[in-house]
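The first chain written gets the first letter, and so on, giving A, B, C and D; residue counts start at 1 in each chain.
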Amino acid sequence: MFFWDCDYCEGADERILARLIETNRESLPGYGSDRYCESAKEKIRIACASADADVFFLTGGTQTNMTVISSLLSSYEGVLTAASGHIAVHEAGAIENRGHKVLELPQHDGKILPEELRAFLVSFHKNETKEHMVYPGLVYLSHPTEFGTLYTAAELSDLSLICREYEIPLYLDGARLGYGLAAAGTDVTLPILAKFCDVFYIGGTKVGALCGEAVVFPRGNAPRHFFTRIKQQGALLAKGRLVGIQFDTLFTDDLYLELGKHAVRMAEKLRDGLKKKGFTFYLSSPTNQQFLVVTRDELARIASLTTYSFWENLDEEHKVIRLATSWATKETDIDTFLAEI
Amino acid sequence: MFFWDCDYCEGADERILARLIETNRESLPGYGSDRYCESAKEKIRIACASADADVFFLTGGTQTNMTVISSLLSSYEGVLTAASGHIAVHEAGAIENRGHKVLELPQHDGKILPEELRAFLVSFHKNETKEHMVYPGLVYLSHPTEFGTLYTAAELSDLSLICREYEIPLYLDGARLGYGLAAAGTDVTLPILAKFCDVFYIGGTKVGALCGEAVVFPRGNAPRHFFTRIKQQGALLAKGRLVGIQFDTLFTDDLYLELGKHAVRMAEKLRDGLKKKGFTFYLSSPTNQQFLVVTRDELARIASLTTYSFWENLDEEHKVIRLATSWATKETDIDTFLAEI
Amino acid sequence: MFFWDCDYCEGADERILARLIETNRESLPGYGSDRYCESAKEKIRIACASADADVFFLTGGTQTNMTVISSLLSSYEGVLTAASGHIAVHEAGAIENRGHKVLELPQHDGKILPEELRAFLVSFHKNETKEHMVYPGLVYLSHPTEFGTLYTAAELSDLSLICREYEIPLYLDGARLGYGLAAAGTDVTLPILAKFCDVFYIGGTKVGALCGEAVVFPRGNAPRHFFTRIKQQGALLAKGRLVGIQFDTLFTDDLYLELGKHAVRMAEKLRDGLKKKGFTFYLSSPTNQQFLVVTRDELARIASLTTYSFWENLDEEHKVIRLATSWATKETDIDTFLAEI
Amino acid sequence: MFFWDCDYCEGADERILARLIETNRESLPGYGSDRYCESAKEKIRIACASADADVFFLTGGTQTNMTVISSLLSSYEGVLTAASGHIAVHEAGAIENRGHKVLELPQHDGKILPEELRAFLVSFHKNETKEHMVYPGLVYLSHPTEFGTLYTAAELSDLSLICREYEIPLYLDGARLGYGLAAAGTDVTLPILAKFCDVFYIGGTKVGALCGEAVVFPRGNAPRHFFTRIKQQGALLAKGRLVGIQFDTLFTDDLYLELGKHAVRMAEKLRDGLKKKGFTFYLSSPTNQQFLVVTRDELARIASLTTYSFWENLDEEHKVIRLATSWATKETDIDTFLAEI
């Protein structure tokens, strides 16, 4: 049985574990002020071509989203997102729990369209009753999206221009960023993100780490006392080294990208193999998440070989499911799966 | 110039003002513990045929919604509403500010359909990832709705049954309840509301009072320490008498219903007159809010005679506007308007 | 029986009621955009000698405190107050409900001392662990305090200087401001408040109005979208005229000050009379609240004539109680009381 | 240079790291539903002699406190704690950020006294204005306290009886619990905690783990949907295995207690050695935290050998500092320190 229902079924890349062991008995100061955190931050700044970037390490995705978003919004503001965005659906109301409305835009394979963002903002600011409404105060993107799709640099540029025109920050959730950066044909790089976003995070948990996300404010533009805000959200690790060492390793010798590339290659192999077998895909994803349209019979066959994520009922006879590869997927497993399906 | 853009353009029915003056120098205890509040509560209990009802007086609609809803929800729960519901659109995120997601159901002329409510709940509870989502914890209705429409007793019964099956309370926002109770053909009465709702409020501000809303928990089922919750939400008047005296007057000699009937009669006269003149209505409303579809020319004529509320652009050539009568609308003004339009 | 347990036992000054009646059938726009609100704001600006002041009308004291304080604080900040401050004790946790810690300073007859404020701030900023603590982000004063005492202009100046040095705003709760402005010997005036405070409110509820408080940002320094913040806190009246007309009346022909003076004169008469009878006072209050130290026998005599507020047990044999005069206190009642005690 | 300023300067016990490596490539379900989490929970239930206990794994102490406390309180309630409690001082207002006041009781070497708790509750419930105040809704203890001191079983029993009489839960913060359980002379065991507390947590981060705290509701009394509440607080790890495996190891072969005992033995050796050298202690702590009263000269000598935590200025000539041993402290370091001081 394979475990392809998600990309967080295994522990961490062994190089990370090795570094944890090597450094284990070093006595280091707490709360992320140790030398490994510093080193990791510097490597991330270099990778982002953003010498002035503020970098912070948190533990998980929902935690990062709620901390960043609540720090950037005033009480009368909400966050704009695709209706399929993680914050709108699968974070148990963490954003609302911190006082803010999640304002939904139409999603197109998980993405928002610049023209629809603009239309929303134009319409809002023309609305005579807007003073009785929630102000749009931030735009949230995920990249890759919840459907595995990617923005282009041109789309990010367009979204960024609109945000700057309306003076609202642009935030990108990179829980699976490694798989996005490694995708075939993408022109989005870390420096591109640093250029167009006001804040984004580089996901570790789903890309080879035990836990950990790196928040980047590329122009040294972190909100005041962001450290204290992290503490207040319960997001500050006493042993900050745990995440610092992991990111220091991920950003050494391009490990982060390497892990991403492996997962993408596995996904391509899986997708191409399934297509040859006649399977149909719900949409075209260049990253590690692949969405299939399956009949009951097809699903039974798949389920006999691997775990999967149920996505939705497409119609009476078809379901959409997700298979996810990861940094840990074994090529021999893909081969076996394709042989046996 | 008439002022029909809304139903809160004038002060209060003169019988209310008279009572305020008569009682003005009486020394009364604060915070709603005075004899007028007690009397008003008792009259409301009788009108609702709910001898055990808990009744509380608050000042305005948004305040009432945020206090009731936040008192009934656990932190992991959100409130279900029609997408057009006041709490979803025009309360500046007051519900989210108190930590809760507003979960939108499709709206049909401002109403939700029992079958769509049930479908949502069935789907939610079958969802394998529901533990990562906001739980539906309360159903919010407005009656009349934001479109002036009304539920039938049968619909309320259906909604109530579903709520009880899923053990979530049913809450009805009666900001304009007087105009609903007075509508032609309605079979919804205060005892009906008390039977099917777990909590509802009787709106004063828009139905003849200076301010004030009466929250009714019909089976003595107020949340623990609701008084303190009201205080914590800044919703407790030191001079509680101000609202108590108003509701005591409104529920003397059926004044509340009388005011409602007047407004509805004025709305019917306006509607029938405009229909004869060839105007088209966006939907059929039996209450004081009337929604017209107008061309630019028609709007210009209307605007020369009265204020109005812009609702939406229907298409390139037509807009939807709202005209609202109220307890204070003068019949001679309607006559003049219809003569001159 | 007299009702001197508090200063909100009667309705409103009759000149206010008269104006409500005169204007009752005028059709006015909602939400405080009517001409009476505008007129009242302008009169307040003049009285404060602050031509650029932003003025907003809310309904009650707790509501005003929670709206102002939550609008001025960042999430990592708390509000400094005397331990006896209303927000620390008697607002049911409204400040914490909006996410902020109430940081207590020692109280001295209800006041904070500039030197103790400075010491707190110095100590906080020297604290090596301050990044794990709540930052002081606002200073809250009440004037008169909960003990009826007053700051001097020099004290306000000192407090203001400290606040500006530390870049935190100074907020003054004037729930009973009329009684403070009218006190014998005070050198604090509205222009003085406007000079030294960043925001304060002029209390109406306890000084002759049915309800209503006027928030003043004297240098046009209201937080962005304060109107929407008011709405979000459930503090926006549809019929804003209700408070606007009251303040317009209170600030016509110095009515506000006149009401204050009456109450203070009644308090002086009561205090002097009781002193002559041998009663002891807990502290010296120049305003409408008087605090007596009473034995069980003395209390019994007082309780046979008037209601009172229990304050605290001083020792086994003595209690502290409060008697409050108001704009509505009758001089003949004072005479009767002093004759019969 | 030694690092004794805190007990989280090193990584994790090597047996934990070994287990992480052994299990690293196992494919496991996410969010704490894996077999290691189950195994760890079962071992904790056995250690607590609480077969029905609900056990949850979170990542850090502030996060655990805010999640547990906000789940147990109604909106009108606050949490009682010693004024020195971690939640009152060093959690950046996390409790208030979730809407609740922290109600302070006097601290005695970090502890609260049962008689003072009772006095507070008696006084609160006799207070005529209590409906305008924050209700005490939970009692928070830390054990060991922030001063390294411990409750006795009899004290916990007394506190528990009071809490049950007033129907408020008793919560114990065991961030350093391992050092408390291992202390000489203590009669508090895990089953004792399970008997007297309604919820407590077993701290991992400071007792040999990389991160992680285990929350125990000993009578299966977790609040409804506690999993979703954890998610909403950003406290749910996708790779729940990370904490599960650590606690599974800590509760195998009494490792948790063994680590505690080592630290306590090191603390005793350090304390006894320093006493012999003439150093004075601020209070008597039986656990890993030792508080010294030092002159400037003494501090200089200490600072030349180890890091330390500054606690407070005792008087003009004396400071209080903390030295903390841990599971990782080397005995040879203690020897060297005592020889050189």
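Criterion: a residue touches a chain if its C-beta (ideal position, glycine included) is under 8 Å from a C-beta of that chain, and two chains touch if they have at least 3 such contacts.
Nothing here was measured: the structure is a model prediction, and the numbers come from that model.
Chain centre most remote from that of chain D: B (centre = mean of CA atoms).
A rotation of 180° superposes the C-alpha trace of chain A on that of chain D, rounded to the nearest 5. Per-chain CA centroids place chain A at a distance of 33 Å from chain D.
Taking each chain's centre as the mean of its C-alpha atoms, chain A lies 42 Å from chain B.
Rounded to whole angstrom units, the spacing between the C-alpha centres of chain A and chain C is 50.
The residues of chain C that reach two or more other chains are 75-76, 91-93, 97, 99, 131-133, 228-229, 231-232, listed in rising order. Those residues of chain C whose C-beta lies close enough to touch chain D in the complex are 75-76, 78, 89-93, 96-102, 128-129, 131-134, 310. Of all the residues in chain B, the ones that touch chain C in their complex are 2-3, 6, 8-12, 14, 17, 20-21, 23-30, 59-67, 91-94, 97, 205-206, 210-211, 228-229, 231-239, 241-242, 328. The residues of chain C lying in touch with chain A in their complex are 70-71, 74-76, 99, 131-133, 135, 224-225, 227-229, 231-232.
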